[in-house]
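Next up, some structures in structure tokens.
Below are two complexes that have subunit A in common, paired first with subunit B and then with subunit C.
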Partner chain A sequence: MALDASSALAEASTPLVRNAHRLDGDVFTMLAAIAAALCATPAIAVFALSLRPGEATAFGGALLRDGAFGTLALTLLGGGGALVLGATAACLVSLCRFPGRRVFEWLLVVPLAAPSYILAYAYGAATWAGAAPLAVQGFWGAAFVYAIGLYPYVYIAMLAAFSSQYSCALEAARTLGARPLDVFWRVALPLARPGLAAGGALAMMEIAADYGAAHHFGVTTLSTAVFRAWYAHGDLRGALQIASILLLAALVFLWFERRARGRAAYVGRSTRLSAPNRYILNPTASVGAFLFCASLILFGAILPLAWLARLALLHGNVEDIAGPLANSLILASAGALGTLALASVIAVIGRRGGALGRSASYAAGLGYAVPGAVIAMGALGAFTLLREAGIVGGLSSGIALSALLWAYAARFSAAGVQPIDAGLSRLAKGLDDSARTLGAGAWRRFTRIDLPISAPSLAAATLILFVEILKELPATLILRPFDFDTLAVRAYSYASDERLLEAAAPALLIFAAGLAPIVLLARGIARLRAGERHP
Partner chain B sequence: MALSRREVIWGASAAALGACGRRAPAPGSYVNVYSARHYDADRALFAAFEEATGVAVRVLPANAEQFTERLRAEGDATEADLIVAADAGNLWRMKDAGLLANTTSPALESGVPARLRDPDGAYWGFTKRARVIIFNDQALEPADVATYDALAEARFRGKIVARSSTNVYQLSTLASRIERLGAGNARTWAAAVRANFARDPQGSDTDQIKAVAAGEAHATLCNHYYYLRLARSEDPAERDVASKVGLVFPDQTGAGTHINISGAGIAAHAKRPERALQLLEYLVSDAAQTMLAPLNDEFPIRPSIAPAPELAALGAFQEEDIPLDALGRHQAEAARIFEEVGWR
Partner chain C sequence: MSAISLRNVRRAYGDAFALDDVTFTADAGQVLALLGSSGSGKSTILRLIAGLEPVDAGEIRVEGELASRPGWSTPAEARRIGMVFQDYALFPHLTAAANVAFGLQNTTRAERESTALAWLDRVGLGMRSNAYPHELSGGEQQRVALARALAPAPRAILLDEPFSGLDPVLRAELRDATLTTLAETKTTTLFVTHDAEDALQAAEKLVILKAGRVLQEAAPREAYDRPASIEVAAALGPINLSEGRVEGGVVNTPFGPAPAQHLTNGASARIAVRAEAIRLSPGAGARVLSVRPHGAHDLVKIEAGGAIWRALVPPRTTLGETASVTLHSDGVFAFSA
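The block that comes next holds the complex of A and B.
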């Protein structure tokens, strides 16, 4: 209140600055509104299309009931697993010292490069051949694949959260004589809560939206129910109604997630003076930590990839893959940058509060909890309106690519907003207020304070978006132009024809293409931690 | 590491501009195909067509249900000329949605048997596949599973695996039964087979064969070509699977084995309908049919063309004789029955 008054005073006393400020603020607000609208339109179109009058749905209530139960059970088990695995890993490499820690720090993100559906196929095939160390099938198989494939979301968000200010707080607690467990429960965990909530939310929404792995393992979820209504019953409207339930559930979930994250606002600033002192683990604990981290990488990446590599080698030749690789990289880069731009504006306006801020963050969150094919249907619905209004023609190459980038933004902006927002939550409140007092407008504060401060989080967001889009299949499948296959499309084409040997090479390439940016950026995040800029 | 404001903004606008830019150039003559078939054989076929005619084939491979919605959304502005899909059920749905144009020509009429095409000419079959029974040859004799009805017998309790009925092949299998024997009979059969399941439906046709080979179940339903592919897979473990199972063309003393088609039709709003027709006629021509037979494991659309040797080795069999549009007409009912009996 007092701060608002002082900034109002500052505005009133300098008319020139005030005008610039207002104009600037208006432009920024408008940008934010446009970004939010862009992200939300396909999801809103799904709602609208599901409300069209039509015949009663062709499927029974049992499908809905089983789907809701399956989604709930898988998000709790798979998402809970990802949360525990990711949080444990992040705490170990951030707070403790044990052999291999420095390598694990960035290696632990690697499973993020493998799409759930590919993990599911690889584990399914290996289990059948008796080569998997554990039988990965059915419901438990799906929960396992989600936990092991998605824990990096939690890990990355928490790694970023543990950087900068945190080491100072931990240091202070330690200096004041707190025991390690107390430091963990009373300082580290509360400080990491935004990261934990953000990463956990991403993993859970990803599970809710996933079709490939759940379908492969024969689990009925709301997402597989969407496709059952659509494909088996030919009832697209009913399918979109189920998708709307997912959308509503996502809204409720986002509300809880924001509460779980709390209204934490931190006063203080990063000193970045010294490398954090990590707890030195005793030999037994060191071995335990090492084995834990190693097994995450083993199960999340090495085993399934080794199996795919075996299949690819058995098949031998790789059918012309250069084009799809280039297309994948182009789409993932353009999609990640476009989505990041929207996501950063939305994250900042969300932080600044107000009705627009709140609705913008919800708008961005919507698309993440529904399957990409549903968002693509929403985008097609919106496209139909534009076409009927005579604004666009058919889905020619340019229009198709634009629609695709739009669908990516609608689907994945949450994956960008969450980490950026978690980063911004560490922004010392005083900084923004000082800038306002000094007459800095909304846009200027966005570019000079918010963006630089959340640099590690922006990096995390870029990483996640690039890899998400690289892995994305259904929206790409349906909205791309002619003769424009991506790696995921190529892998799908073979896999849908049940040619796993041929599908293995493009699947491996998706992983390989995602690996380099992931590792680079993960190392960047690690290096950006307080005091570790000069190794 | 930190993306500067400029990088973010320019990157995004460049991407947006690049995407909104020009329409695709049209070099020479071409025809656009939406295809739900993802076979290398088809690519070879399209390449041969380009070679023969100078007309380039631009393909958008995607899933049939999804490009149906794309076609619907595009309306009369669509770029698609020819639509290719596996399974008559999918083709019927597209026809039902008004997305296919009726067409005919002497070459099509003489090339495609009447039973394997739409009566109005909306779609034309160009390959055939059979829905066969695969059994574990340690556990069973071919005579044990000589009919689809056998899968429903109580002696197979806990011994049958099947793919999800979200898949159109299962829908069409049940739809053919509805056509021949009525919905009541179809429902009883589906419920009894469901009661025999060793596990909830999961995985693909190939996964069912693998489960049978592993002894997890004794029999399953699948399309015939998945068996052939396993039999000559580059993976020795897969060849081993094929060696442990046998294949039966069911109902040889009765109505015959359920067969289905891959087919194509001309898009209702095709911009190049004459080229689409040219490609469609090519697909059923002797040249293409002869070329396709050894490249993929489906049956040629006409008996006069010899199937691939491995396929011929499976022996001749009697085909179920129902009009294929029945598979579409009964599809909704089939889905409802599967839902009711809990075969998802």
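The block that comes next holds the complex of A and C.
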């Protein structure tokens, strides 16, 4: 309200303009600084608190060693699998022509709808019920679930790389006499390499962050080690120490992903859109390509979804999931709106550039890379400090919920920044400047120009955030108030109790919710192709 | 024998014709310009000749050999036709030298390298051979793209708006350098442009296009002096328009009679008058509205009988408030309406 008054004053009386303008800018800068701090604090808290002196724990070393080994092995194997599957799929649909290609092009992102732990439960339940073609369990089961569930990250990154931007380079290679395989090895693959690296790093980041699937398959990773130290041994400091190692690993992946994406950015300056000339596969190869793509979708989405649906119908009951469903909806709505506010501020300040803009975007990106378990430990640690300082009382439900909402905001604001930023990029460059010459201060530019123009992307961002929060497991598990079960928590506790058949119903709901943003993604891919002149 | 010939070529995207019944030829070693505004289909023609798109009707021959007909097309990689893309399409992951060497095959590595370096030298970029495309300026990228297309000794080379992204000074310089290189190699060249000056100065033959159709195929001088239509006249330089009836072999315009001997008396006609065909001298007849410098000429706006024309006259021509107008027959064209 005070802000509105200040701009109204600024418009009404000229002598006040300069003062009001400064106030205007200051408030916005302050908001951005707060947003950045909110995103970065949990991660910083984890580092700071893990360095606090205390006695060494007996089991900490072994847990850390096993966890580090598990995380490394799974990221390499699961991530490697995702890399191979995603890259092959992207090459096939981008460079070749075979029956079903156009449908596969967007259908191949669908496995992204289910978080790894839901896929794990689906395979677990199917194995239990004897429906899975082979037993998916243990370390290899985890690696398989990661590969089949996360390959779309690689696929999407490479699809963008192969999109029309590059068709010009591929055509140039052909006019220079390069044969199809030559074009692939000498031009297409090197051009797609940054996308490959970025997508791979993203998939590995997800694997390192995952808690539910690793826990289900009984693999000790850094994420599960955080939980074990905290719950089984009640050792907050040990948990924080493991979390800080996990955080370091996540930062390495983040750095790698940023670097790869930066490289990809200068590539493909072509603005012309023309349909890539796809190579026509011979009948045998066509069948192979079709089967490959079809089995990715079958094992990544259709079969798990079908199993869950069948088991949910057989074993689910409404009373059992009504409460968690309501809790999930409330939490996801509140979390999405709060995170959206944070993300909008960060997106706008990021676009304006400057040191604050860069650090705000970086803080948000940092939060996204940090595993949910680490964020939660950070939030928990920060609240513990506040309690020690006597600023807040015990961990009441209210405080736990606000800690949880904070954790969501810190973890997911980058997921919201991305679509909002895409919306803002539609703003012509001169718009901000012309608003400035018309006397609009930062706040007025934000509310009168930036927000209205990015309204559609705000809607998309809200949906994405809602679903991300609905799917989130580890932070919710750590920070939820006692007896406050969400769908994810309910599915998790059933699965932990080896009651996989009963886990099917909440898992199915999460899977179904996850499909909504995938529709957006698929539409985005369709739009990527819409500029092409010819099939 | 013609190096490249198109006969009744048609290309459609869905229901819309991008090219309709396009026929023209380029002789060996000739520099041919495809001139037209955006959407005239000129870039599509290059893509068809390169073999990047199929034809829907008609045929394309390269050195007499059939390259494209409906349902059949020699693949681009087997055509040996070089192309310089509008945004150059340099391979961003390869150095300038590696870009140029890309199309050189069936030789040793050392030979490829030395050939690539020789080409870079030739376009004046010998010192930049290890630079990556994003480290090169726009003009440098264009020269690398040219060297890359010429290095494999193609049967013809296609340039898509080769000078469009460059500032005017650099543009003229690069145009001359490019033409010199092409002339030295005696490579048949087709280039696409929407700039009449580029086309007139660089080409030995013009093919003027509009909405996917060929308006005229002629040498620059001929097209300029004897345009086949008002559109062609307008495409090659600023003109003034008028309409009227032919009476006694002339059409009367507000600024004086325009010769139209080839049209029958009494027929209605459209007249195009080139801006530089208007001569102004002290006297009456037209009001002088404004005089502005315009490159080597002065641009004068004149008014008579409600019509406003633009004239290009030698600079610093002394003019009062009125002037007497004569139309020089070389730049006056009459077409039946």
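Here is the rule we go by: the second predicted complex is superposed on the first by the 287 of 535 C-alpha atoms of A that agree within 3 Å, B and C clash if a C-alpha of one lies under 4 Å from a C-alpha of the other, contacts with A are read in each partner's own complex, and residues count from 1 in each chain.
Heads up, the rule we're going with is that a contact is a pair of C-beta atoms (placed from the backbone, for glycine too) under 8 Å apart; a residue touches a chain by one contact, two chains touch by 3 or more.
All of these numbers come straight from a predicted model, not from anything done at the bench.
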item	value
Subunit B or subunit C, by number of subunit A residues touched	B
Touched partner set for A:Gly218, first subunit B, second subunit C, both or neither	first
Partner chain in contact with A:Glu171 - subunit B first, subunit C second, else both or neither	second
Which of subunit B and subunit C A:Leu77 touches, first, second, both or neither	neither
Which of subunit B and subunit C A:Asp483 touches, first, second, both or neither	first
First, second, both or neither for A:Leu191, with subunit B first and subunit C second	second
For the subunit C and subunit A complex, residues of the former touching the latter	13, 47, 50-53, 75-83, 85-87, 89-94, 102-103, 105, 134, 148-149, 152
Subunit B - residues contacting subunit A, complex	1-5, 8-9, 11-12, 14-16, 18-24, 32, 38-40, 58-63, 65-67, 69-70, 72-75, 77-79, 93, 164-168, 171, 199-207, 210-211, 214, 226, 229, 233-235, 237, 331-332, 335-336, 338-340, 342, 344
Residue ranges of subunit A touching subunit B (in the complex, touch as defined)	58-60, 62-63, 124, 128-129, 137-138, 215-218, 220, 224, 227-228, 230-234, 236, 311, 314-316, 319, 333-335, 337-338, 340-342, 344, 373, 376-377, 380-381, 383-384, 387-388, 393-399, 401-402, 404-405, 447, 451-452, 455-456, 458-459, 462, 474, 477-483, 485, 489, 493-494, 496-502, 521, 524, 528
Sites on subunit A touched by subunit C in the complex	168-169, 171-179, 183, 186-187, 190-191, 193, 266-272, 274, 277, 533-534
